[in-house]
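What follows is a pair of complexes built around chain A, which joins chain B in one and chain C in the other.
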Partner chain A sequence: MKFFEIFEIKPSFKICQNNLKKKFLELQKKYHPDNYASASDHEKTLALLNSSMINDGFEILKDDLYRAEYLLKCNKIELNNQTNPEFLIKQMEYEDYLEENSHDLNKIEMLHIEIAQILECEIEKLTILFNQKNLVEVSNKMNELIFLSKFKTKLKQRMHQTI
Partner chain B sequence: MAYSDKVLDHYENPRNVGSLDKNDPNVGTGMVGAPACGDVMKLQIKLGKDGLIEDAKFKTYGCGSAIASSSLVTEMLKGKTLDEAESIKNSAIAEELALPPVKIHCSVLAEDAIKAAINDLKSKK
Partner chain C sequence: MALLQISEPGKSTEPHQRKLSIGIDLGTTNSLVASVISGVPTILSDGEHRLIPSKVLYDENEVLIGHDIPEHKNIISSIKRYLGKKLKDIDTHALPFKIDKEREDIFIQTHQGLKTPVEISSEILKKLKQIATERFQDDIFGAVITVPAYFDEGQRQATKDAAQLAGINVLRLINEPTAAALAYGLDTKKEGVYAIYDLGGGTFDISILRFSKGVFEVLSTNGNASLGGDDFDQIIKHEIIKQNTLEHLNSEDHEKLNNIAKMIKEKLTKNDHLNEHLNFKNHNLNVSLSSKTFENLAITLIDKTIQCVKNALFDADLNVTDIDGVVMVGGSTRMPVIQKYIQQFFKQSLLNDLNPDEVVAIGAARQAQALSGQSDDDTLLLDVTPLSLGIETMGDLVEKIIPRNSTIPIAKAQEFTTYKDGQTMMKIHVVQGEREKVSENRSLAEFILKDIPPLPAGAAKVRVIFQVDADSMLTVSAEELTTGNKTKVEVKPSYGIDDKSIRKMLEDSFINANIDKEFRSLAEIVVEANQIIELTEKAITEDGHLLDENESHSIHKSLVDLKKEIDLNDPQKIKEAIDMLNNTSTSFAEKRMDRSVRSAFSGKNINNIDY
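Moving on to the complex of A and B:
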């Protein structure tokens, strides 16, 4: 939970992004190398370590999926490495659809909207599961979320390439 | 990352891409995924009357190594009995393609796909 401690945020899936950002800027300023120009080598090294830890922590905490994975890790729950077979079929269908329509910007955009909506909905479900402390079910859901998130990024890239 | 020539060859000229009729009683379908990278792999085998695998097709969405692993596997499977097919190890795939350690999981995925396809076929018998 060290990242939550660094940012003085209560360990939870739902966090206030504004708070996180504010705290990040504050900490970044505090440990900025410029403040340590005349410090000893030891202090400089320490400031550098702190600064890189702050950056890592910020990247993890600000992202819904990274934060969920981090919370699971802190609770010593491994990600399930088996994806539900029904979802694999769905995954294949999405990929096939994209391949068949790879030059149809309109269809790619529509699919992007659809995936973004599903993802949003699934993240809401994740919030509920975290509230219920049902971490095993969270870990079962993660594979689907990771795919949806990556697929959404892929669609976005395709949209830019097609334009 | 630099891919080996063999991976590149399979990636650029994948063998046996496509689908077989999954409802055919002599066709086994294996669908597996690598959650961490979002890869999905479908492998299908068709058993001939002589008990040997007469055809194998694949469709993979994933990185070059995952595509190359499944493409290679379809070549290896043809002409084999189910027992021989079941004994194909991921290490043989990784070695043939000279996969680097970070890509070994792609060959594991291909081995899992073979097992899943055989299980599906057996469940139809």
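Moving on to the complex of A and C:
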């Protein structure tokens, strides 16, 4: 829970992004190594470590999936690495579809929208599961979400390359 | 509270203590030094000039810089292009100076012997420092030096080393486009998202930045560390050579033509058409060039920069329409053709109300003032890593540990495991770049974590920690988690510079290169040796009954000898011990073959047989 503590945010899946960003800048204004450029080596090192930790924490807390994984880790719940076979088939269908249409920008864009919508929907479901404190079910869901998120990035990259 | 306790950062403890700080723009073509004087960032001149040409002449008994150099043929220019590089990284044809081709590192022949790009750059820095000390009649406390955002670790380290050689206390290396944004934002106080298009003499950077509520946040950066105004000169030079069918040119001729090309490029910023008659090697040289023809020749280079801009926007997750302003930096952005295409791309007029040659040094001076605790404004600058950092894993693949455009400073840890039973060493190879294959990225350092307890494959856990500081410099450490065995390396370029004795190490640097090579070959041979030991031991467990007492004894002895040699770290001896083991196990390998296929394999030893 160390990152939530640093940012003075109540540990929870739903967080206020504006608040997080505000706190992040506040902390960096205080601890960034630029403030210690003429300090002793010891203080320089402390500033480096603090500022790194603040950046790392910000990156984890601002991202829905990283934050979910972090909450599971804090609660000592391991990720369930098994993907259910139905989703595995779906996964392969998506990948095949992308390969078959790798030069069709329009189709890639449509798929990107579809995946973004599914992902948004799934994250809503994750919020409910966290509220119900059903962390085991969260851990079962994570693999699918990680795939969707990575696949979405891949589609965006393809769109960027095709343009 | 998980953060470490530090005392409040110093507003200077002694308020009247003067800490003179300077900002230095060490450019490919020109360099500048600036300082904040009575609250106003000011370019310091050497009496006459504000721009100091980045040219160095080693005469028999003195070193001359910039404007101090008379017409001469042995002038070293554009040295920044070679800073932090190895001979294999550069095109050795048509170099404007002579180099020693026998060495791994770049050594340039001068009247004062061989000089490295670090030493030559340090001469320029010394000159800039001298301009400042003469102006203030006082010592300089520290400097901020700017580097292209797209400089890699080696190039950054080389810049720091050059500063140290020049006796300059480096407060921080900052990225050139970031410095420009700082100068621009603080001068105009306009908030928003900016694209900084920085085309210098030899480098191109594009940074996307958000300036809001006193915070400069770099969102992404991209570029090309070897694309700049010089390349536009080259296309004009080739046009001159073509138009006049010039042949048999030596390096002196090339240097002359470079200057002519540069002059024509500059004239083309004000004229639509040029018809020049020049004298070259006692011949008449006619050059006819219209800005339209130049545009057609230059378009490929401009396209390269626009591709970088697109990548930077993509990484920042922004569209062209999200950009509130485009700041043009670097002398090369004066070319009308560049302005035309960049304006078209961003669909808005460009911001070039600050002098594009001076804006970087101005920003550096402001940051130097802030870092020495002499400034009252509490602007925060958050910059990013330009290139991804990772380590080599199985099969020539890179595992990225810190992705590009991560806000710095940043620390990341990743756990790795052994891939073989009883593996006691792990080679850690640190690379920088975006490609998937190790060989296509820049190799930064290699080191070996020893004394991993012999466990089954996959059981040992090694944690590798990457720490990038606010100068964007990397430190890597590795730790074996079951024993707590630690190894730490500062990732420095492999020309191996030691902080305390830079000069000596520079002189001896070819020896270091050899040590590096030995280190690498040791790592490789140890891996090979361990593989052979494992294979042989496995064969003995399975088929040991095939051996007679003598054979068994000699194989065991060879095994013991090889293990001993591994601990002694001499690659040659390890190699000999491997050969010995191979010899003693040949007959064993043959025995393991079925009689009927033995003849087909005769002469091979056990390590050449696939299990």
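Operating definition for what follows: the second predicted complex is superposed on the first by the 162 of 163 C-alpha atoms of A that agree within 3 Å, B and C clash if a C-alpha of one lies under 4 Å from a C-alpha of the other, contacts with A are read in each partner's own complex, and residues count from 1 in each chain.
One rule holds in what follows: contacts are C-beta pairs under 8 Å (C-beta built on N, C-alpha and C of every residue); 3 or more make two chains touch, one makes a residue touch a chain.
As the structure is a prediction and not an experimental result, all values here were calculated from the model.
When the shared chain is aligned, chain B comes close enough to touch A:F151, but chain C does not. By the touch criterion defined above, A:E124 lies against neither chain B nor chain C after alignment on the C-alpha atoms of chain A.
Of the two partner chains placed around the shared chain by superposition, chain B is the only one that A:N143 touches, whereas chain C remains out of contact.
After overlaying the two complexes on the shared chain, residue contacts for A:N35 are found with chain C alone; chain B is out of touch. With both structures placed on the common chain, the touch criterion links A:N81 to chain B but leaves chain C unconnected. In the superposition on chain A, A:L49 makes contact with chain C only, while chain B stays out of contact range.
Of the two partner chains placed by superposition, only chain C is touched by A:L25; chain B is not.
Looking at the superposed arrangement, the partner reaching more residues of chain A, out of chain B and chain C, is C.
When both complexes are aligned on chain A by C-alpha atoms, no chain A residue touches chain B in the first and chain C in the second.
For chain B in complex with chain A, the touching residues are 31-33, 35-38, 40, 42, 59, 61.
By the touch criterion stated above, chain A contacts chain C in their complex at residues 2-3, 5-6, 25, 27-39, 43, 46-56, 58-59, 156, 160, 163. Listed in rising order, the residues of chain A touching chain B in the complex are 79-83, 85, 88-89, 91-92, 95, 142-143, 146-147, 150-151.
The touching residues of chain C, when paired with chain A in their complex, are 1-7, 9-10, 19, 141-142, 171-172, 213, 215, 310-311, 314, 367, 370-373, 378, 380-382, 406-412, 467, 469-470.
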